[in-house]
Structures are given as C-alpha cells and as structure tokens.
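In what follows, a single structure is set out as structure tokens and then discussed.
Letters A, B, C and D name the chains as they come in the text, with residue numbers starting at 1 for each one.
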Amino acid sequence: MILDSTLTPFIKIQQHDFDLTTEVLALRQGHKNIGAVVSFVGTVRDINEGDEVTVLELEHYPGMTEKALEKVRLEAHKRWSLEASLIIHRIGSLHPEDQIVLVVAASQHRENAFFAAQFIMDSLKTNAPFWKKETLPSGEVRWVDSRISDSEAQKRWKV
Amino acid sequence: MILDSTLTPFIKIQQHDFDLTTEVLALRQGHKNIGAVVSFVGTVRDINEGDEVTVLELEHYPGMTEKALEKVRLEAHKRWSLEASLIIHRIGSLHPEDQIVLVVAASQHRENAFFAAQFIMDSLKTNAPFWKKETLPSGEVRWVDSRISDSEAQKRWKV
Amino acid sequence: MDNVIHILYFASFREQLGQAEERLPASYATVSELLAELAERGEYWKTVLLENQNLQIAVNHNVASRETSLKAGDEVAFFPPVTGG
Amino acid sequence: MDNVIHILYFASFREQLGQAEERLPASYATVSELLAELAERGEYWKTVLLENQNLQIAVNHNVASRETSLKAGDEVAFFPPVTGG
C-alpha cells in the first residue's frame, strides 16, 4: 500500500529551472537567526566519461523520490541544528551548463550548514531514485553509470 | 614598501549588496566542465551573544584584505581542482538579515567545491583583516569578539 | 484493495524489458518469489532482474530487498543503481 | 622613499588610542623596538599594544610578528583579532 508522499514545500521535483537568489531568499524568510547559508548547485557538464554530451535526460520515480528526499532532509535536520533546508531536482531534458539540482542548508553557524548540505547531496546521489540518460553528438544514447565514488562518499556519514 | 594588491575580479570588497544568481552565473561563464557549485552566504543574525543587534558595522584594512583573500583563494585552487572561485565581502553599515559575505567554489565534482568553500570561509574568518562592531537597541556599541571556534576550525586545514 | 500487486520498471530496466508497469496476482510471499516467477519469462528477464547483483528494489516507496514480504495492494519497483544529482 | 615608517591602527585599537595612523622616523630595527617606543607614551599604549597577548601585526600587508624587521618606507599595522565573515 502506497502512503502519500510527504507534502512539503522544501522538496521540489520540477521540469523548469530554478533561481538561486529567489529560492534562498524564500527559504530564509522568517528565520532571523540564520547566519550561514550553504547552497549546492549541480550543473550539466559538457563532457562525461571523455565524451561530449548534448542532451541529458532525467527520469525519476514519482512518489518515492519525494519520500526519499524528505527522509534525507529530516535526517540532516536531526544531525545538525538547521534552521531551514531545501532540495530542488529537475527532471526531463537538460543541456550542458543547465542547473540540475539545488540543495540549500541554513543554520546559525557555518559548520552545520556545510556538513548538512554535503550530507544531503551524498545521500541524494545514492538514495534518491533518479536516473540520467545522455545523448552524444553521434546520436548514441546511453544510461549514465552510477559512480563508485558516490557510494564511498555516502559511507562516511555512517547512515 | 607596499605592493599593489593583486588585481582580480574574484575578490570584491564592497559596500553594496550582491546577488547570488548573478555572481554564480558570471563565475560559471566559459567553464563548461563545471559540475558542482558550492556557495556560502554569511548573513547578519538578529541576536549575538544573547543580545539583540540593530546595526553591524564592518571595518577592514584596505589593501591587506584583498591580498589576504587572494592568497586564500589561490591556496584553495592549489589544494582542490577548482575551475573557478569568488569571494565578496561587504563593508560599512549592515542590518539583521543582510548578506555579509559570499564565497563560491566551482569544480568538476562536488567534493572539491565543498571542501574549498569551507576552507576559504575558515581561512577568511581567521586571516582576513575585517572587524565587526555591533549596536544594541540600548544604543550600546561594542566590538565583536573573535570566536575561539573559528581558530579551531582553521586548524584542521593544517595551513 | 484489488487482489494484485503493482510492478514498476525504471530507466534501463524499462527499456530492456520493454514495459514500464504491470499488475500480477498477489500470490508471492516475498520479492524473491516474484523475481523467480518473472525469470520464467526467459533468459532476458532472468539476466536483467533475478541474476543482477546491482538490482535495486523498492516496496511501497521504501528501499527493500529480495527478502521483503509482499501482500495485496503493494507497489514493487525494480531499477538499476540511481544516478541523480 | 621617505625615511619614515607608516603606522596604522584598526578597529578597537584605533578607538582606544584615538588615532588611525601616524608616521615615525624609520629608526626601529624590529616591530618589537617600535612597540617599546610606543609604550613609552603611557600606560594605555603599553596595555593596548606592548602587553597585549592578542596583538595582531602586519608589515606591508603581510602577517608579521614582533621579531619582523623594519626599514624605511614600511607600513606597519596593529589590530585586534579579526572578526569578519
């Protein structure tokens, strides 16, 4: 039986682009004790595995994605004293230099925000059901392989 | 004898505010192999040492500041494979929720950008000649004390 | 609640198996039993799912394993390692 | 190059000593000698600078110490621990 995915304005899966300033300002709203805001933006590189990439297609598992991301976000709040946090992940067709993902973590002091943002990204990379498919200039289409370094990165958090 | 401070568009000391989106876009310009952009924004908290703060005045040592920050930035590029980086620090009169400082580190993969941004912030906090003076609602004005945790944070980088 | 389980295939699995979803009778006690049944469809299903050491499994949006038990109404998803972010 | 050294005081030092900068003859071999001379001005100068264990020193925009040597044309700055960011 499927539970409703947690409804939260702090997890967004969307086709359209996001604006860093707008998202950070909205997240800070009403939190006057925030002193540190760490933002991570993942972007589409023009080269992957030595080959030029022209299109990057993002697929996800609706429902499970939101649930997995909200779990990661709440775990980050529990481990570090965050005032606020946000995860946006784009889906659909993207191109080199496009923004893919945004993670924002805000806290009173900078160390918590840095650790939390890094933890969320490492967890997202290994736990959130997204898949990338890339198109090369030749027209060849291939699924992106998961990186061993991503699961190694996740291990240091001892989840 | 005073050497000219290094002229670089990647260190800015300014009174006016900055826009996160604009700065990150400008920094990414022409670097198509960037896959990860970590931004840190430091903001004025409404409370410090248990007291409400109404104004935060930022003073600096012109010339030395730019030199110290450029040294930190280049050290970060040397330690991690950064594609680009930027430091903006505001001076003058600021108020709660204002942005104070921006550090952006961009690299191919996320780990380098995260470490570099954190290193730059820790180094800035202990090495860059800025001083904060805060005004309380009573009108009392006091210089902000340096935090022991900041020099502890800097030590882990073994500079 | 229908007396079925809902099965989803994602990414390369969806392409390789030529389908995104299907419904089967809720007659498998565990994910393992379901996988054994699907492998009966042929070598391809056996290779992509049953014998795939990197097979990822979710039951009702939660990470699951071959030992996870199944009941009527469950949603089971099979997919390769994730690559978002 | 004038035969002087340029001295700067920042933040609380500037306020406590009542001045932001001054020029003195370049007749001190080290920062230590300069500090000893400044301390002659009175108890306040002695406390704020010479006896201050947290005194920060820069010579020509580089972090320096009491042992750093001085020459004509140098810019010496005294300030408390930094608190930016």
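Note that contacts are C-beta pairs under 8 Å (C-beta built on N, C-alpha and C of every residue); 3 or more make two chains touch, one makes a residue touch a chain.
All of these numbers come straight from a predicted model, not from anything done at the bench.
S.K.: Kindly list the shared contact partners of chain A and chain D, in label order.
M.R.: For chain A paired with chain D, the chains in contact with each are B, in label order.
S.K.: Measuring centre to centre with CA averages, how many angstrom lie between chain B and chain D?
M.R.: Chain centroid spacing, chain B to chain D, equals 26 Å.
S.K.: Taking each chain's centre as the mean position of its Cα atoms, how many Å separate chain B from chain C?
M.R.: Using C-alpha averages as centres, the distance is 49 Å.
S.K.: Two or more other chains in contact with one residue: find those residues in chain B.
M.R.: 42, 121
S.K.: Which parts of chain C, given as residue numbers and ranges, touch two or more other chains?
M.R.: Residues of chain C touching two or more partner chains: there are none.
S.K.: Once the touch criterion is applied, which pairs of chains come out as touching?
M.R.: Applying the touch rule to all chain pairs gives A-B, A-C, B-D.
S.K.: Quick check: in the complex, which residue numbers of chain D touch chain B?
M.R.: 1, 8, 10-12, 56, 58, 60-63, 73-75, 77, 79-85
S.K.: Contact residues on chain B for chain A in the complex?
M.R.: Listed in rising order, the residues of chain B that touch chain A are 19-22, 24, 28, 32-47, 96-97, 108-111, 113-114, 117-118, 121, 149, 153.
S.K.: Quick one: in the complex, what on chain A touches chain C?
M.R.: 1-3, 5, 42, 58-61, 63-64, 67-68, 89, 100-101, 121, 124-133, 143-147, 150
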